[in-house]
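Labels A, B, C and D are assigned to the chains in the order they are written; within every chain, residues are numbered from 1.
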Amino acid sequence: MKTTIATLAATTLLTGMAFAGEHGGKMTIGITQNNVGVDSYQTTYEKAFIAAAEANEMVEAVVLDAGGDVARQIAQMEDLIQQEVDAIIIWPTNGEAVIPAVRKAKQADIPVIVTNSNIAEQGAEFVASFSGPDNITQGSRSAEIMCDKFKEMGIDGEAQVVHITGQPGYTTAIERAKGFEDRLPEVCPDVTVIDTQPGDWNREKSQKVMEAFLVKYDDIDGVYAGDDNMGVGALNAAKAAGREGIIFVGATNFAVGYEAMERGEYWGSIYQSPVDDAEAALQTAIDVLEGKDVPALNYFDTPKITQDNMGDFTKPVF
Amino acid sequence: MTEQTPVLRLENIVKTFPGVRALDGVSFTVLPGEVHALMGENGAGKSTLMNVLGGIYQPDEGQIIVSEQPAVMTSPLEAKARGIMFIHQELSLAEELSVAENVYLGELPKKRFGLVDWDTLYARTDAILERLKVGFDARTRVGDLSIANQQMVEIARALTVDAKAVIFDEPTASLTDAEKVVLFEVIADLQRDGVGIIYISHRMEEIFKITDRISVLRDGSYRGTLHTRDTDEEAVTQLMIGRKLDLSRSESTHELGDVALEVRGLSCGHLFEDVSFHVRRGEVLGFYGLVGAGRTEIAETLFGLRDPSAGTILLDGQEIRIHSPVDAIERGISLVPEDRKGQGLVLGMNCRDNMTLPQVSDLTAGPFVSDGAEVAIFDQYRDKLDIRTPGWRQLVGNLSGGNQQKIVIGKWLSMHPNVLIVDEPTRGIDVGSKSEIHNLIRELAAQGYAVIVISSEMPEVLRVSDRIVAMYSGRVMRTFTSDDVTEDNLIQAISGLGDGAAA
Amino acid sequence: MKPGTLSTFLKRGAIWGFIALELIFFTVAGEFLSVSDKAFMDVDNMLLLFKQSAPIGIIAMGMTIIMVNGNIDLSVGAIYAFCAVILLDSMTWPIFAGLGDAVIPVSWILALAVGTALGALNGLIVWKTGVDAFIVTLGSMLGYRGLVFMYNGEQPTSHLNWTLVDFAEQQFLGLHTATWFLLIVTAVIWFLMNRTVHGRNAYAIGDNRAAAVNAGIRVGPHMMVNFMIIGFLAALSAVVFYSESGSVNPNDGELYELWVITAVVLGGTKLTGGAGSIISTFGGVLAIQLLRKGLAHIGADTETVNLVIGLILIAVLFLDRQLNLKGKEELKV
Amino acid sequence: MSGLTKQNIGSFLARQGILVAFALFMIGFTLANGRFLDPDNVMGVVRSSAILGVMALGVTFVVISGNLDLSVGSMMSFSTIVVLDLHDKIGPTLAIPAMFALTLCLGALIGFLVGYLKLNSLIVTLGMLSAIHGLTLTWSGGKNMDIADKEATWFGIFGQGEIIGIPVPILIFALLASVLGLILAKTPFGRKVYAVGGNGTAATFSGIRRARVVFSCYLMSSFCVATAGLIQASRSMGSQNTVGQGLELEVLAAVILGGASLLGGSGTIFKTVIGVLILGFIQNGLLLVGLQFYVQYVVTWVIIILAVWLDIAAKRGKLWSPIA
């Protein structure tokens, strides 16, 4: 990737000749990502972002990774401000802690675009736009998928569900959990969530959690996992214990989830492409810089995917 | 003298540890201006007594009386505050700190807000160093000093306060003769100032040179006090071990064999240069010299722990190169190192495992260590060397110094070496075990081993060696035979005087 | 002594040489690899360097004392997070409701007190039980982290107070508030270690504990004070950082102990205790932040950063050992 | 010496104290949730502890030899990712030995740095923790690794298979524990490990090649890590790059709970296994009684301190430290 950027810099030098004198002709856009390498969604996002920026000769990208550390992310915001980039895209490690840093960018007249998971409300006034999935809606949709399936099976009067959440403290995890838990009683009032434990976005952790659930509860009808990675972990546990007939619903459809759906073991998920996510973020930034009118909340659509309609979607690349 | 008020009186001190009565009613008195030797075999209770005096242990019964005031020693600081100073045997210095900070360790002079008063600190320390006639100043980093000089720093601590009593615990272990003279002057100075001195040492010649009275402990109980003038070594020894000792040199009556090991022009940097000697089977070759003369380094080089920069080593006439202890052991060279606890033994391991460590790879039945073979070896050498231990499962750390040393010697004897090197065989070992080990070394030679003994104690080298190599500053000054050696010419040789300077 | 002087100089100066090397490398490499027009050695960038070094740097000063003392503290990251939670949460406590912005110093003091208390608990356990500090703090690293989670579940704790943020973003004489705290802490701890009896005793205890005990230094309370100091500094670091950011995730500060120890070791503090310098630790902290900043500047990606930082740590350790070799005749053990 | 028996009894009691506390926990959990001692659950706990356990076996060697290994978590991620990636490229028969070879190379590198170059193990393995993570990310490009066709491979046997009703991970753990336990307790090599950890200088002076022993310990550790990675990969047939993150400290906690001294020279494989099981049952028990995962952190904290404290107290014959 270093070479990619090196080539990028080199082509920039060449193309820079053509633009010489034309101040502001090229846009420098900095991005600070949450934690690349922690899962393939983020990695694919980073690659897609670099590819999209490279494809657009008007754009130079500075790509940074906060490694999940708020302090490092704030430092990267400061660095980007100091380097006088034209716009900053941030994937927040903490939806509130980065607000002052975002305000600093705003004060330096650098528009900030939040990507993937939004920052808290107090920060809204400093942000040019948010681009990403609506995690609360995703949570609600997962609840609907599960409820619909229970109704189809005729067990919506007594079904019991366990819930495996993402890494504690992450906005995405919190929002999805909230969306799910608020929506489920609305659509299926008689379904109960009997237990909730975090799976840390980690398949192995999720598998352990599910193993304990299986011992503790004889009757589990459904599992909601904050993403497919954890969902598949839970599925593995159920398979190992020989428990059948459990409805698994996840979010962020990973390739493993898609395959499990193909095999008929996993019921449904939310289709969310990191490529769409990355491209939407870059496009929003470009639109902002070009002075276009951009909505404050720029959600890209993340549809429901189940065994019934999966034919409409291509298999995720991550 | 009896009219004087004692500076320190111990009355009927009893200290028990779970199951052990370490001190059983010990009483003795130190008068101002006297040097009072405290003697006893290792394990007789000297260290426990000193720890009680120093406030590290609380006695179960009895009293400590300082200048006729009953004192309860709650901490080392308390002891210090009452004018009782300790000079410890094992160096207790912080190497990264300056001499001054070490001398005043634990009570650096303070200004306001806990700040160190450096001016006062350095001035006071320099004044003390002046008295000790040492060649370094208060600002020197202790780690940069020689061992002997570090010992002098330790001694300087005693002079920081107006001490009523100073306890010297084996202070001369690493001092040169010249430094010993300074130390004895310091002690004499303190004596003149009316300070009472407790002097702990195993070295009889020092005891008889500088002390006034000798108190003896055995098995935790007090055995009596003798006036140095009116007694002799034999009487003291008898009091200490409860029997007579054979201190005579056992003459070799056996025939010497071939040359087992020969060294020609061996050098290792500046540690030692151009060293040549040989040792025959059945012979004990002694190495005598001051600490730092390069004796231990020669042993380490022969054992493959250092790479020589020049010279050749011949074993049974064959030139060999030794790159590691493994090489040395394969060729039948064994080393009983000087630092028993640091280099000789794994203290947390049991007696048997320590003894069989170098050959454990060969004592196998299938892939596993053969229990039977190991125990057989242990039993054989326990009997041969008269090692006193409850059983092979006993951790070596729980044994007395003498028995520990025998484990190390047994470890190497069981390897059936061609050449056995013994470095400081009796350091820190009490009189009784000392003579046992001396006799053992003579017996080994008689059985045909080639033995090299390195020692800093002249009586020891004189007693066990057939020939003595005298070293000074990394060079061999002269090689004596048992016929031409005298105390005088030996001292001259190791001080760089003597006629061997050209060697 | 003479042959040692050069190596001593090299050793003492090594970290600064390393920093110079980093600066040169990133400046030159930045010319070719960075998309930014700004030079790496820009004044503002260097000022940011100090500011960004503060969270790790403040704790590293405490860790230097602890390590000079011959101990280690793995729980600093958890203490840091816990104090941040206290700081931000206490601002909304009903009992302080009437205080207005005057709640700020109260919350600060509260957070610092809690940090000191957590450090004291570590110290007390080390002192009274005699269990090795590595194990004690390995345990409390888990335990304190558990307390953080128990406090507010898995939710972040937030309270954005703009007065506080404005204060934290202040620049006095061109330096950020965080930088000032870092510099003051460095100065105070340097003074403590080099000029006070407590500091000199810290070296003595780490160097030769038995000697210190014999000399009557009360080793137990001394170590406990040091654990209180590092607890206080971990809290101070949290106060400085979270005053500006206003929200803490329960897993914040994870791995900080490793970064802090890395900085202290880069600065040449001996792991066995007895030797170490505050100024060199400061250099170690700067070196790490510079490395992170520089690698980002030239566009290195996550995997390269991990790889480079890991290898540099080992390389520094290796160099340090080579400088300390006494030559061929050294004893081979 | 008559105090010896008394001390031995004290030490015995203190050691059993850990087991007593463990037993109390088990009883408490069982009362709180009757399923706790359910054979399925017990089997489940042991199975999920197997990965941690296998790693702890190797680390026990390293710790007894007087060193630390903080890189095992990161290295386990590496093994898992590598074997999964190679599985689809060269097939499981070749992928497994290739992964073992690569992991052993990493172990050999650490062993070389710590053993032969005599660098401090804490810092070396800390550095390797970060460096190996970078290596893993480079290998995978940061992506999750998954076996494409999970039905068509026999690779799942190591993590999911059962032989005579016992899950294969448990069998691997038991087999490895027995073999390594014998090596440590009964072979000359094991004896040398204790000697090197107990007093490295004395070991050298006894003709033991200290560097080689340390090197071998790290090699063993990396072998165990590779085995753990294999079980992990086989169990979930796919993995993230961070699968082993943080495991190094759990492993260390288990080894310490088992009573190995960080100073080296003491500890046994059997005790480490006990330590692993204690951690596993606590984790599982808390989950079963419905306590949040973080309560487990606090409980582990208390247990570690108590366990080590009691052990030390028994050795010195006094509850409180004599430090002034």
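Keep this in mind: a contact is a pair of C-beta atoms (placed from the backbone, for glycine too) under 8 Å apart; a residue touches a chain by one contact, two chains touch by 3 or more.
Since this is a predicted model, take the numbers as computed values, not measurements.
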item: Set of chains whose contacts include both chain D and chain B; value: C
item: Path length in the contact graph (chain C to chain D, fewest steps); value: 1
item: Chain pair with the higher count of C-beta pairs in contact (A-C, A-D); value: A-C
item: Of all other chains, the one whose Cα centre sits farthest from chain A; value: B
item: Separation of chain A from chain B, taking each centre as the mean of its C-alpha atoms, in whole Å; value: 71
item: Centroid distance [mean C-alpha coordinates] between chain D and chain A, Å; value: 34
item: Centre-of-Cα separation between chain C and chain A, whole angstrom; value: 33
item: Separation of chain B from chain C, taking each centre as the mean of its C-alpha atoms, in whole Å; value: 44
item: Chain D residues counted as touching two or more neighbouring chains; value: 133, 137, 142, 201, 204-205, 292-293, 324
item: Touching two or more other chains - residue numbers and ranges from chain C; value: 149, 153, 213, 218, 302-305, 332-333
item: Residues of chain B touching at least two other chains; value: 75, 305, 324
item: Interchain contacts (touch definition) - all pairs; value: A-C, A-D, B-C, B-D, C-D
item: Chain B-touching residues of chain D, taken from the complex the two chains share; value: 1-7, 182, 186-188, 191-192, 194-195, 198-199, 201-209, 265-266, 317, 324
item: In the complex, chain C residues that touch chain A; value: 32-38, 42, 44-45, 48, 51-52, 55, 149, 153-156, 158, 160, 165, 168-169, 241-242, 244-252, 255, 292-293, 296-305
item: Residue ranges of chain B in contact with chain C within the complex; value: 54, 75-78, 80, 86, 88, 90, 92-97, 101-102, 105-108, 110, 113-116, 144, 268-269, 271, 297, 300, 304-307, 309, 324
item: Complex interface listing, chain A residues touching chain D; value: 36-40, 42-44, 46-47, 195, 197-198, 201-204, 207-209, 211-212, 214-216, 229, 232-233, 236, 239-241, 254-256, 259, 263, 318
item: Parts of chain A lying in touch with chain C, wherever the complex brings them together; value: 1-2, 5-6, 8-9, 12, 28, 36-37, 46, 60-65, 67, 69-72, 74-76, 78-79, 82-85, 93-101, 103-104, 120, 122, 165, 167-170, 173-174, 198
